[in-house]
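Note sheet for the following structure.
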Amino acid sequence: MAENPEGWKPKILGLVCNWCSYAGADLAGGARMQYPPDIRIVRVMCTGRLDPLFIMKAFTDGADAVLVSGCHFGDCHYLEGNYKAAKRMFLVKSLLKNIGLDDRRLRMTFVSASEGAKWAKVVEDVVNVTHELGPSPFNRKYGELKELV
Amino acid sequence: MATKNYPDPILNEKLRDRYYHRDQSNPEFTKEIEKIAGTMAHMCFQCGTCTAGCPSAPRSSYRIREFMRRAVLGLEDEALTDPDLWFCTTCYSCTDRCPRDLAPTDVIMAMRNLAARRDIVPVNFLKTVQAIYSSGHGVPNNDVNRAAREKLGMTRDPPTTSMYPEYIKGIQKILDHYGLKERADRIIKEREG
Amino acid sequence: MAEAVSPTTSKKPETPRIGVFICHCGTNIAGSIDIDAVKEYAKTLPNVAYVDDYKYQCSMPGQVNIREQIDANKLTGVVVAACTPRLHEPTFRAASKDGGLNPFRFEMANIREQNSWVHMHDREGATEKAKDAVRIAVAKAALLEDLYPKSVPVERAAMVVGAGVAGMQAALDLANAGIKTYLIEKEPSIGGRMSQLDKTFPTLDCSQCILTPKMVDVGRAENIVLMVNSEVEDVEGYIGNFDVTIRRKATGVLSPEEAEAKGIVGGGCTGCGDCGPVCPVTKPNEFEMNMAPRKAIYIYHPQVVPLLYTIDWDSCVKCGLCVEACGEKKAIDLEMQDELVQVKVGTVILATGYEVFPIENKEEWGYKRYDNVITSLEFERLICASGPTGGHLVRPSDGETPMRIGFVLCAGSRDNTGIGKPYCSRFCCMYSLKHAHQIIEKIPGAVPYIFYMDIRSFGKMYEEFYYRIQDEGAKFIRGRVSNIQEDPVTKNVTVYVEDTLLGRPMEIELDMVVLAAAVQPTELTNKTRKLFGVSCSQDGWLLEAHPKLNPCGTTTAGVFLAGACQGPKDIPDSVAQAEGAASAASIPIHKGEVELEPYYAMCIEEKCAGCGMCVNLCPYQALSLVEKDGRTVMQVTEAKCKGCGTCGGFCPGGAIWMNHFATPQIVAQIDAFLLGGEQ
Amino acid sequence: MTEMREYAFFLGCIAPNRYPGAESASIITSRRLGIELLPLNGASCCPAPGAFGSIDLNIWYAMAARNLVLAEQMERDIALICNGCYKSIYEVNHKLKHNDELRDGVNEVLKEIDMEFKGSIDVWHLAELLYDENIVGVEKIRESVKVPLTGTKIAVHYGCHLMKPKKERHMGSTEAPRWIEELVEALGAEAVEYRNKMQCCGAGGGVRGYDLPHSLDITNEKLQNMIEVGADAVTEVCPFCQLQFDRGQIEIEEKFGIKYDMPVFHYNELLGLAQGMSPSELGLDLHAISTEPFLKKVL
């Protein structure tokens, strides 16, 4: 991580569903499982709600990474929203590649309401990967393409 | 631990303080064991499954559960100086059955490694080292066997370091890298003069 | 990004005035977050008209303050930065409402579960995160709109899935509360596991004696529609209006009612039992743990409810002898087919129970390899007066009476190997104590050996029971059994264990060993829970809405849990939870209507191109295309929409407005996070 | 004869230097079953997992790695006939393949002798190759039998390091396995079940050297359990267990005054007998315990 710019802290957006991952994150809290604070959560009822444009918007706004987290397949509170979200995330990943962004900056995971430990682990992973990748080129302050945006 | 300095050494020993005192625990010992053994030794909950299936327990004072307890509490000296440490036949029955999914056998091996660093190690182990250093084999060939092999239509020496002694150099280099041969010689000399 | 304007707001939205209330939660939040810093920061945010903090925002003074400030500062929106909305959103919505604000003008910033509790050693990081969380919440609050929950009528009927003691109790309570209750059971009789037990701890009253009256009550109850040999096939709808499809498996036997309906007067099965004896096929009886025979047309035992015979199609040879034997009653129909029944209910209770896990997978104990190693449930049948041996405990190998019997506790429980179960099965300690008592009582001179790690006798009068059994002469050996060896000749079993208190390995030859095997959710549990959208924990047990404050509820409104399906439970706990679940399930039904969160989708018609992509995306068939003044546009059937937003997430024209999670609101949150704060 | 599969034959110490019959029997019987065991020139002690592992696991890794590299240079998988060797060679190969830190450490040392562990080969116990239908399989063994061992009762001793620890092996049940019994029954003999079948022979972990009576007492218990069910002979797949049972009986007689005369065979010696090799070809006369009473039953 030495090569990362002084003072940069990853800006990571977490888009999570209300029923599984948000509850899982709460459980991690109840159990006092410590993980890095670099993520900010926006809650939706279901990952199926997520418009690919939300993620693209986040990246053009300079997000260094985006974590999308829903229920396990077969466990979706709305039957199949997470399948649809997963499909869309593949689309977004290819979009990211096309505009020259490392698609590891977008991660979709499945964390159930009982997987507090997994949530902590996932966030830690995402933060580590983001540190590996460094600031997004579109990062408002540290990205090499910041003038562009 | 509080030491009693009574003039009579026999009484001193008889009345030795049996309390456990916190300073007898060395947390580093537990960590060291877990590093070498690659198992979460501190998670032992003392169910006794290990001892119950242990082939050495019913014929000696060796209790692997107690060694696990010593690992949990970091009772380094107690564990490493106990001669029972060398009664494990490494049959891995305890490891297969441990409900906490630990590997007591590997904890014992780790403790033996740590004991060996203090030169606590039975002579027979070191003699194997010497044998391998000189011949490449822990159980070397001998003339009786050479004759027997010949009778079976085999080469007098197997195609190992016995037939190709030039390979022994490499083995000695590896052992010398760790200075094991000198240590073995030294310790055996100390014990047997 | 398409800037949608809500179809509901005709007038231009007023300039927002947001009040921010930051909670210390004692030191839970204040301990790792600099409240003053967050407070000062909040004051600098656009649209923020008032900022305050308080030790316990959820307390009465805290709520009163919110109420007063709304009025005093003409607030248009309220943000509370505190715990998770899953805990206190309802509280603060109510407070906002009391302040004269629409409750949906409230937004919560989670700075406890997802901040102070998970960043306890990073005060700076946590404080920064809290500032961002408040900023994001304020951004959303500024765009929130008045919403009005739709209240829908609740069907005056309930369903209970599983008719063990928990399901039966729940059904009886609901029925007695005047609610029509469908009781669904996959087996041919109700009663569940409890009906297999001989005695119950710690009172030692006979399980059958206290259960059968209940079973009869269930059979008789006016308000209970009992469906045995039945499984839930499909579920649609939501709280108040669940449409459930039940598969009634063909039993080959008509009840008197069914016979009547078919015009067979005075016919149908009376349970006379004439059919059984003539049946040429013999099979093991599952109820007796396969230790007694039954015919292809059978009942489990004489006390079954309902008293109707059942045909096991896998073994029936359709010889027709039973049909002859039945004669004029014409109760047997060898051509009977499964039927699907549709029922509508307002609320549902799942009580799908437990089963014993395949203990033979713990090979060291030799179950299924050694004749005289049995499970506790097998022991219950062998010691039970109505069991295959008439209550005379015998060893399977030779029918001899065992005198030295070992009980292996934690057999597959508290096991992290991946073969057993990591959890404590909770009732094994107690029933094993009971088993010890039973052999001492029944077999003069018999000695029970109990091999345990810990005796967990936590319930009322349980520890006293432990005391009693020890006094009666049971031998307690504190050690987990490593392995069991069978004597090839005598078939005696030798247990290898360490008495960890003595520090001594033991080799104990016994006549018989009983494994207190770990329990797991029943086979159908996973299928059923998915139909109702209920989550489970990693070990498969159904997940309660809150482990402490909502142990009977689930995350699916209107679906509740009772008994062991939620985790291993003994009879008292199962019955207690069943009554809790019944009371919870009856509330919406007695209220007669429930409010649904108004998170449904709406079509912004001027933007809708009528492409219809969304129509197929909707898992609830809530969307359709309609003609409106010459244009094809999408239309939402609000009652069907559950507000998942899958349509809104896809609509290429941004023509779908998701109430409370509208595109502009979510985008505002994203922007607030990434563009709002200091870069 | 199907195409021959070639393996580097890792001998270890005890087979070649105490039971040469087991070595030659393995080569000859395998050849008849489509397995060519090639000499692994310059191989050494595995080294003894008990002795070396106890002193310093790192030295154990390095020494075993040297043997592995010899086979890598031959571009052949290793086959071996000793459970102790199996633990060293199989386990170290597995560990080094999956633990980069460990591998780098070992390669540091191997550099001094111009060697590098690449992780390009696998390690097999000959017994598992014989049991695997895709390699040999019970049927093929049955077909190769000329002198069925009919009428004999044989107690199988699996030994420990072949199958345990279960999680690091791939051979199924370690409590009640039957596969070596199947191999024995393929020779026409009856494989008898006996109490505590999976118990250790007592020799491992350096205990035989550390406290001979202690280790013999374990062996003695096993022998009694075998006698109890009327076994005519013991078979194993580990020359160290073989030594413990065979020479052990002499030592048991000296130390405990108990005489058994229970013949002890490495499985490949039995296989050789069944395939028609003569006792002298198999060097059975080198066993400490006479195999005559058993041979009388079958020849």
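Every chain is named by a letter (A, B, C and D) in the order it is written, and numbering of its residues begins at 1.
Keep this in mind: a residue touches a chain if its C-beta (ideal position, glycine included) is under 8 Å from a C-beta of that chain, and two chains touch if they have at least 3 such contacts.
As the structure is a computational prediction, the values presented were derived from the model and not from experiment.
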* When all chain pairs are ranked by how many C-beta pairs they have in contact, which pair ranks first? -> B-D
* Rounded Å distance, chain B centre to chain C centre (Cα mean) -> 51
* In angstrom, rounded to a whole number, how far apart do the mean CA points of chain A and chain C lie? -> 31
* Indicate the residues of chain D shared as contacts by at least two other chains. => 174-175
* On chain B, where are the residues touching two or more other chains? -> 93
* Using the contact rule from the top, write out all pairs of chains that touch. => A-C, B-C, B-D, C-D
* Under the touch definition given earlier, write down the residues of chain B that touch chain D in their complex. => 36, 55-56, 59-60, 86-93, 95-96, 103, 105, 109, 112-113, 116, 121-122, 124-129, 132, 136-142, 145, 148-149, 151-154, 158-164, 166-171, 173-175, 177-178, 180
* To do: Could you pull out which chain D residues touch chain C in their complex?
  => 173-176, 193-196, 229
* Structure fact -> chain A contacts chain C in the complex at 11, 13, 18-20, 22-23, 25-26, 28-30, 32-38, 40-46, 48-51, 53-54, 57-58, 61-63, 71, 74-75, 77-81, 84-85, 88, 112-115, 120, 140-141
* Within their complex, state which residues of chain B touch chain C. => 45-54, 57-58, 63, 65-66, 93-94, 97-101
* Going by the contact rule at the top, pick out the chain C residues touching chain D in the complex. => 363-364, 366, 369, 483, 485, 487-488, 494
